[in-house]
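I am attaching a structure below and will ask some questions about it afterwards.
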Amino acid sequence: MSAGPEEVQPRGPARLADIGRLAAFSDGVFAIVITLLVLDLRVPEYHQGELLTSLVREAPSYLAFVVSFIYIGVLWLNHHALLRLVRGTTLALSWINIGILFGVVIIPFPTAVLASALVDGDTDDLRVAVVMYALAAALMSAPWLVFFAYLRRHPALRAGHIDQGHVHAQEARPITGLVLYGLAGLLGWIVNPLLGLLGIIVMIIYHGVTSEGLRTGPLQWVRTGRRG
Amino acid sequence: MSAGPEEVQPRGPARLADIGRLAAFSDGVFAIVITLLVLDLRVPEYHQGELLTSLVREAPSYLAFVVSFIYIGVLWLNHHALLRLVRGTTLALSWINIGILFGVVIIPFPTAVLASALVDGDTDDLRVAVVMYALAAALMSAPWLVFFAYLRRHPALRAGHIDQGHVHAQEARPITGLVLYGLAGLLGWIVNPLLGLLGIIVMIIYHGVTSEGLRTGPLQWVRTGRRG
Amino acid sequence: MSAGPEEVQPRGPARLADIGRLAAFSDGVFAIVITLLVLDLRVPEYHQGELLTSLVREAPSYLAFVVSFIYIGVLWLNHHALLRLVRGTTLALSWINIGILFGVVIIPFPTAVLASALVDGDTDDLRVAVVMYALAAALMSAPWLVFFAYLRRHPALRAGHIDQGHVHAQEARPITGLVLYGLAGLLGWIVNPLLGLLGIIVMIIYHGVTSEGLRTGPLQWVRTGRRG
Amino acid sequence: MSAGPEEVQPRGPARLADIGRLAAFSDGVFAIVITLLVLDLRVPEYHQGELLTSLVREAPSYLAFVVSFIYIGVLWLNHHALLRLVRGTTLALSWINIGILFGVVIIPFPTAVLASALVDGDTDDLRVAVVMYALAAALMSAPWLVFFAYLRRHPALRAGHIDQGHVHAQEARPITGLVLYGLAGLLGWIVNPLLGLLGIIVMIIYHGVTSEGLRTGPLQWVRTGRRG
């Protein structure tokens, strides 16, 4: 308990434990949300001998399930890469993370609405459901933007091998999300709900492809480990 | 495996592993509870073409969802800070933690009652729901008080960088919760349920702001950096 | 990657990671089961202005919730102490653990049956529910017994500071559970369901008190750390 | 912070942390799915005094629950062994893992369909349910095959003590699953649904027995101890 190395070591792990519990909590939320989606795949009511017909009738709702499953997978990969940018957390960053999780947690609701509209609704209902899904996805981008902006302004939180330019460049992703999910919603509202849904799927693929971050310059941040 | 430093090290990690499983179990519970809330956001029954009207009709129940989501976020941040106070657990402390988790686990129930009363109930029902929520929140403060009191009486469990005065000062928080959530319930019962709900929201914000602990003296424990 | 210490270290952690994933998986199951219990606390259907009456009518079912919450808390503490006995896992031990988790996972079902019988059932229904709960609890003891017996026959799996006599002594606990939960069921069937329920509660308290293991001799196993 | 050993160490743990979050996320999903199964064991509606009769009537559906519980246990053990083959993850491997989890997450749906068909359906419904379960199980094998094939082509991802031949040999397992679950479905469709169900159960046992990997040569990778 003298000064020197002993003084330093217990603090380092304490820091890591912090981001560790935040990561564990977030992983728990992602794991639960991705699993809860299946709860909306309910056994349809059916008369004896008509199970197959009833299942086929529900089939369009499976599309909503698959889209949301992939969406949450994408979000988890993005979140995974997000936490690799920081080496500790503050109260503010924990709150921003709770904001991110809020967006994740609500996904099953627009998913269920979309599934219901695909099976039981008319075009008006489908329009409402697609716009609702797009709005939820657009708004979900906001706390990600706050995260990158906060990290840019607090360089002390950055993990050692991440440079400032990389963090700054990432802000383009949630802004793209905010704008294009919004446009997908508009498209679904004005033109055609299925076109809006297609727009949402394209955006999910975009976030899947860029989940490890937008490249900045000659790949300098991707190389794991520091340069020395 | 001689005596000396090697003898000390295995005890440290063994202790930490203990608190590790307690933290993991608690994080799991928090993650599940915060995610289960969305299960009460059900797709309303609707006639074709009336999805939007049905969703709008349910809108007040979303308020209950948002309040409880933030409440559990606040509780998780408080719990996160709580476990940083200790460096190991005992059977008694584990039981106190289970008491804390009991309070967390029941939140979805008063939330669902509140959501139902906001949509389908009259003023009497809303009064019952608000008082129930306030009572649950007030009683939930009790195990937190027991935790701080127990930790004060067992200084050997304190993490190295935490001083006695800090632990003692924290007892003010659950006492404030016990009294003021109770008062919010009374306010909701006697004066107006929405005023009681407002009192609950104010208290949740209070616990959010103080989640890292009440400051004691000139910030000596908050400094996260190393002194060196 | 020469021979010597580097050769030893990576294997040690690999072992620990094994029991680590088993513990994490188990903690996840415990956390989910203890939280899912609240899903059976549903908002009752009610006419406007009669929320309070409906909630009071459901009150007996809350007893089932509280008993099962404490029961799973007790089981988690027991499981926590169980995994501290071993320093690694084998395929057989993993399967025994899955057997233990099977017992944990089904608890919400007899709990829901008991809650339903307490509110809507007559004495016959309550008798069925109590016997079902007691049977589930009795059968749940079986894999714990297998765990202790297996560990006794495979001393290489024992954690360093645990002696053979301690493991052997613990077999008394699941045997007590098997017999006395069975007797509580018989009591509930023949004499009175509420008496059977009381017997179950007494047994849960017994497992709570002995969760860290039956003492063997002069406390030699409780001392954390090895003697040197 | 000089070059040399310090340069190496941060890379190891950073890699391990990666696979750590992937493992934690996967464990969370497995734990939730195995626990959610019990949600389909609902308290039957019953008239006072007829709880026992109603429970007995539902008994066949418990078979579906038990089979799926063991199935997910088997899948978790397989996944546990799978992640021990690698020492880090890439974006592609993370996506393959999400594909594996997709197969796990949908299990409760065919399980619920099967449980429903066992209680309420006729032979046609049971045939549909068994084929659906077999198809889900067969398709679930696909991402496992992709995992092994990817690992074979990216030897740098292999954990140090795993040799190329072992990884290659494991591809036989998902191929067996793909073919034989498919055959079990055909058997259930053409011959007899219960025979198909039996085929599924046999396959689950096969995957349980081989969960730690098919042996290649004189057990060189199974030896868990150190060489000395």
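Order of writing sets the labels: A, B, C and D. Residues in every chain begin at 1.
As a convention for this text, a contact is a pair of C-beta atoms (placed from the backbone, for glycine too) under 8 Å apart; a residue touches a chain by one contact, two chains touch by 3 or more.
Note that the structure is a prediction, hence the values are computed from the model and not measured.
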{"item": "Interface numbering overlap (same over half, different under half) for chain C and chain D", "value": "different"}
{"item": "Taking each chain's C-alpha mean as its centre, the one farthest from chain C", "value": "A"}
{"item": "Separation of chain A from chain D, taking each centre as the mean of its C-alpha atoms, in whole Å", "value": "25"}
{"item": "Chain A and chain C, separation of their C-alpha mean positions in angstrom", "value": "35"}
{"item": "Sites on chain D at which at least two other chains make contact", "value": "24, 27-28, 31-32, 36, 39"}
{"item": "Chain D residues touching chain A - in the complex, by the definition given at the top", "value": "3, 7, 10-11, 14-15, 18, 21-22, 24-29, 31-33, 36, 39, 91, 94-95, 98, 101-102, 105-106, 108-109, 112-113, 116-117, 120-122, 124-125, 128-129, 132"}
{"item": "Interfacial residue positions of chain B with respect to chain A in the complex", "value": "23-24, 27-28, 30-32, 34-39, 41-43, 46, 48-52, 55, 69-70, 73, 76-77, 80, 83-84, 160-161, 211-212, 224, 226-228"}
